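Here come two complexes built around chain A, the first alongside chain B, the second alongside chain C.
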Partner chain A sequence: MTFQRLKSHLPWITLLVLVAVVGAVDPTFLRPVNLLGLAGDIVPLFIMALGLTFAIYIGGIDLSAQSMANMITVMASLYLSSLGLWVAPLCIAVGFLLGTVSGYFTTRQFVPSFISTLAVGGVCFSMAQWLSGNRALNMDATQRDALFGWMIGRTGIIPNELFIAVGLLAICLFIERRTTLGRALKAVGAGELAAAASGLNVGRFKILAFAISGALAAVAGLLFSVKLSGGAPTIANGFLLPAIVAVLVGGTPLTGGVGGVLNTAIGTLIVAVIRSSMLYFGIEATQQQMVFGLVLIVAIALTIDRSKLRLVK
Partner chain B sequence: MAKRLLTYENAVRWAPLLVLLALMLLFTAINPAFLTERNLARIAIAAAPALMVAVGVTFIIIMGSIDLSMEGSISLTAVLFCFAFVQFGGTLAAGAWLAVPLILLAGAGIGLVNGLVHVRLRIPSFMASLAIGFVCTGAAILVTGGDIVKIDDDVFRALLTWRILGFPLMVYVAALGVVVAWVILSHTRFGRHLYAVGGGEELAHASGVNVGRVRLVGFVLAGLFYAVAAILQVAKLGQAESVTGANFMFLSITSTVVGGVALWGGIGGAWNTLVGVLIVFVINNGMVVIGLPDYVQNGMLGVLVIIAVILSTDRRSISFVK
Partner chain C sequence: MYELKGIDKKFGGVHALKHVDFHVKRGEIVGLVGENGAGKSTLMKVIYGAYQPDSGQILMDGKPVRFANPRQAMDQGIGMVFQEQSLIPNLSVMENIFLGNEKQFTRAGLFDWAKMAEAARHQLAKVRLDVDPRAPTSGLSFAQRQLVELAKVLTLEERIEGDLVILLDEPTSVLSEDEVKLLFKLVRELTNRASFIFVSHRMDEVMELSDRIYVMKDGAVVDVVARGQSTVEAIQHTMVGRSIDNEYYRETRQKPFDPKTRLVELDRVSLPGRIKDVSLTLHAGEVLCLVGTEGSGREAIMRTVFGMLSPLSGSVRLKGEPVQRPTPRHAVERGVGYVPRERKVEGIVAGMTIYENMTLSQMGRYATAGVLGTGAERRLARDWIKRMSIKAPSENADCGNLSGGNQQKVVLSKWRSGGSDIMLLDHPTRGLDIGAKQDVYTMVRDMSDDGVGIILAADTLEEAIGLSHTIIVLKDGAVQKTFDCTPGRKPTMYDLLHAML
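Coming up: the complex of A and B.
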């Protein structure tokens, strides 16, 4: 078996090896309650990574995801009392809209996605600071439990977040595998010029990809604020790096076209295992960022499709 | 007149400077306090470290790449600088000046790692540098343990406190940095190579330019300027921590692009960056003088950078972007 054929199987093999290694060191790690709890804790990050997958799948990037989630935590905390359940569609609509803005500037105005999303992220940060008055906000606990209590908590031993995660994964998987949009995104990721030459409205599909990314970042922010029962302009800082790592170690390369949302699910689990294994091996939380930065470099170097990059800029 | 003055090229070349002058006129008209020596010095002090960051990233953008590592790089070098400064005696006179060359070396080293990851592993620069930036921030958190490191030395703080013609010493240091960058970009063979790589990498390669090495040296230079920025920032604040570099990424890239350095590479120079940084800081200061809250800043930067990229993009020459 050559390395190229092995490559697409690397993510889940990595996951199994990591779980086995950590399990060998500390058998309590393998208890179902622990594993399920671990998976439940990482769900907000997973949802953000799920959205990022769409942006990376077409060869772009979305650096606004973290600021978007920050802003949504503020909006959710602020408007929960007045809007009730309607705060959820509002948040998702805002995320979708701002994602559309990034996509518009990237595709129609030729602003590279890392700049356009960085700019939209800056706007989000300003909005978050303005809406919150630059302080941490709290949700009304009883109202949160009444309206969004189903999101957190457990059913049996399974954290409820996992149902949300699986539901969103199923929707994204359906979009990716069974819709014209999914096919079009694959075509754009595999070769944008060829896709355009075959008559595809490339711009529209790319904008949609960024919009989905924005909407899912908003869902991540919403879930996060429900979990913490509040919001602040910098509360979700620290999400971006592991989210990008999750997409890339899952096997969706920076050059796009292969991989997909299922890969991101595996990638997120790898991130979760790396995180908890660092605790088991006595690596402090302060060192995690360094470790993930290095993992990111290795993951990119291994997955990137260099035949697609004539010049590496 | 044989030469037409109002050509498209001239308009693009002088537009940033005209915008800067117009902004200064506007803010002075609204509030005359804007154009006082005190306020101008305030703008210059605020802009000096950011100017060095922007000059550093100018080298990278001119060769058509991008560097997103500055936040981590500055945090790490600033923290290391404070540690080294204290270690070597705590005052410049006692030998703490040794910290300066040491930290410049450290900055260049971080730049070198950046360049090696980008060139040798063939990873796009925005991702390579983003990852290195995360690693550096992590390292800064690691060495400080989340604490603040203070420097208390009157001689070193003279960078901020000693004023010549109303402007503190650090402003002159930053100005010297711009001149050095201008000399490198406009009057050396290496500078020409940077433009050649940015203007058309394959052509540069075919003409015998060692593209990989030019990119490496470009990143090393950028790292060096980030280290200067870190030292100035420490001089300004008197302390360093793991978030000392926060916000510099967005600020410096926006400034550079607003000044007329094209994101596609090959166009612009040190003076463009200077004008761009001044535009951004004049707007920031002007908004405070008018009485707008400071959290508008990031949103304003976002709008500015998008406008600048759109205006500097030649739509005929590109088919799509990622």
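Coming up: the complex of A and C.
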């Protein structure tokens, strides 16, 4: 088997090898409760990575995801008491809208997505600081449990977050594989010029990809704030790098067009294993981003399709 | 003094240079002519060191040499004046002239600008150009830039001991008549120091300037003509002349088109810098061929019809209906199909399967509420794979892995299966082998029989003449002449060349 053919199988092989290695060091790691707990803990990050997959699949990037989640934790904490359940659609709509803004500037004004989403992320961060008065906010515990408690409990030994994750993954997978939107996004990622020369409204589909990314970042923020029963403008810091790592080690390269949301699910599990293995190997939490930074660079170098790039600046 | 012996160069399966012998004597001006794709550019690139020949020898003063890159060729006195302007617009004139050779003006890493300006003035004087060497290049006219390019190459005079060979690639294409005269005068004066190789599409200029002319065709030198020994007509015949078999282009299948059904009407359409005042009508069953040199507006016209470009003035009608806000989406809905020249970039999406490619332009037909019916897509693909005899393992094969001819058939199937009856074919046979080309010609006739109107930009003049009902010759974005191409009354290549150049 050549390396090219092996390449598409690398993510899940990596995952199995990592699990086996950590399991060999500490057999308790392999206990189902531990594994399920591990998976449940990473769900907010997974949802963010799921959204990012759409932006990266078309060959773009969404750097606003983390700030978006931050802002949403603040909004959710602030408006839960007044809006009740309606706070969820509000948050998702805000995420969708701000994603649309990034998408608009990227496609219609030709601002590269890394800068347009960085700018929108800056707006989100500042908005979070302003809305929260720059301090941590708490949700009313009884109201949270009444409205969103179902999100965080356990059913048997399975964390409820996992059901949400699987549900969202199924929806995204359906969009990717079975809808005209998914097909169009694939065409844009794999050959944007050919898609345009086939009469596709490329700009609209690209904006939608960023909007979906924004909406899912908002869902991630919402879940995170429910989990922590509160919000703060920096509460989700440290999410962005692992989320991008999850997409890339999963097998969706920065150049887009291949991979997809299922790959991101595997990529996120790899991130989860790396993260917990760091605990086993005694790497402190403050040092984790160093590891993710290195993994990110290596993952990009391994997955990027150099034939699609003329110049890198 | 500079000589090529038995030079061969292949790119994959394409034999770009076939055993080319070529030499330039001291102080000689040598012309190089041939159709697009005859191998002129490849030969130039071998001469100035950008390509290395697969076999054969390069001799300078009788001694074999080998250039790994243009820089090494330059160090031996071979300089290239580029056709496309290669100056960097945001640098000053003098910085451009000495780009890559700044060392002589630096001390401890700092520039002595005054010294550089002085040296640049000296170079500019050689080409009689009176501009401030410190001025930004972007402020210069095209003609001035062309002269700066020449001045840049002439810095070799100081740097190199021996004789120079200077290549001029289409240097007159952006110049006015007076400027051309000035350039020619300069070139003649400079022959005391340098030999020149002059490539141009303008045959009269080549005849006027050159001492000898090399005529290339299909990668080989087919004739060498000394000054005054031939006529423009004779050279053009050698350039293009090859026997054309009527059957090759399926001419017997060319039937009259339906003059009553107008599919595309352009009325005085203009796009600044691309096309001006173009009017044309495409009828059902007609093959209308646009003929012209690179940049004459063929692609711009097709992209205007497809809605990728919006004309600044004039009107576009598709099937009688005026187009208000042109977009590709709108054109596709009206039945326009576009087969772009860059097949791998714009024609197919590599990484997607055959069936995904075929339905890309018509996903709406295979979807209910945005959900695709993949089964129907696959059936369509299997059907067209059979109809077009596309060689592929299955409809799930990645389009990027198909051969050029089969990729082109996928692109054609994409439009034809969606019922497109206005087809824009931009160099549909480019890079295809003979068999695949003939398949495309057959498909063109099939489409005409079905009442499809085709706007074609052909790969060669023979192809244009062989396939079309009507030929429109374009020059600098404007319609030059229209030819009727009814079988038996087809224009000759010579007729077309005359209108083109």
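Keep this in mind: the second predicted complex is superposed on the first by the 313 of 313 C-alpha atoms of A that agree within 3 Å, B and C clash if a C-alpha of one lies under 4 Å from a C-alpha of the other, contacts with A are read in each partner's own complex, and residues count from 1 in each chain.
One rule holds in what follows: contacts are C-beta pairs under 8 Å (C-beta built on N, C-alpha and C of every residue); 3 or more make two chains touch, one makes a residue touch a chain.
Quantities reported herein were computed from a predicted structural model and do not represent experimental measurements.
In the model built by aligning both structures on chain A, chain B fits alongside chain C without clashing.
Of the two partner chains placed by the overlay, neither chain B nor chain C lies in contact with A:22.
In the superposed three-chain arrangement, the CA centre of chain A forms the vertex of an angle with the CA centres of chain B and chain C, and that angle is 70 degrees when rounded to a multiple of 10. In the superposition on chain A, no contact is made by A:262 with either chain B or chain C.
Residue contacts after overlaying the shared chain place A:270 against neither chain B nor chain C.
Contacts of A:201 after superposition: chain C is touched, whereas chain B is not reached. Between chain B and chain C, B touches the greater number of residues of chain A. Once chain A of one complex is fitted onto chain A of the other, the partner contacts of A:134 are limited to chain B, with no touch recorded for chain C. In the superposition on chain A, contact of A:193 is made with both chain B and chain C.
After overlaying the two complexes on the shared chain, residue contacts for A:185 are found with neither chain B nor chain C. The least CA distance from chain B to chain C in the superposed model is 6 Å.
Residue overlap on chain A between its contacts with chain B in one complex and with chain C in the other: 193, 196.
Taken together, the chain C residues at the contact with chain A in this complex read 306, 308, 327-329, 331-333, 338, 340, 342, 345-352, 356, 360-361, 363-364, 367, 370-372, 374, 414.
Listed in rising order, the residues of chain B touching chain A in the complex are 64-66, 68, 117-119, 121-128, 131-135, 137-139, 141-142, 145-146, 201-202, 250, 253, 257, 263, 265, 293, 295-303, 305-306, 309-310, 313, 315, 318-322. Residue ranges of chain A in contact with chain B, taken from their complex: 58-61, 105-107, 109-116, 118-123, 125-127, 129-130, 134, 192-193, 196, 202, 241, 254, 286-294, 296-297, 300-301, 304, 306, 309, 311-313. Taken together, the chain A residues at the contact with chain C in this complex read 178-181, 183-184, 186-187, 190-191, 193-201, 257-258.
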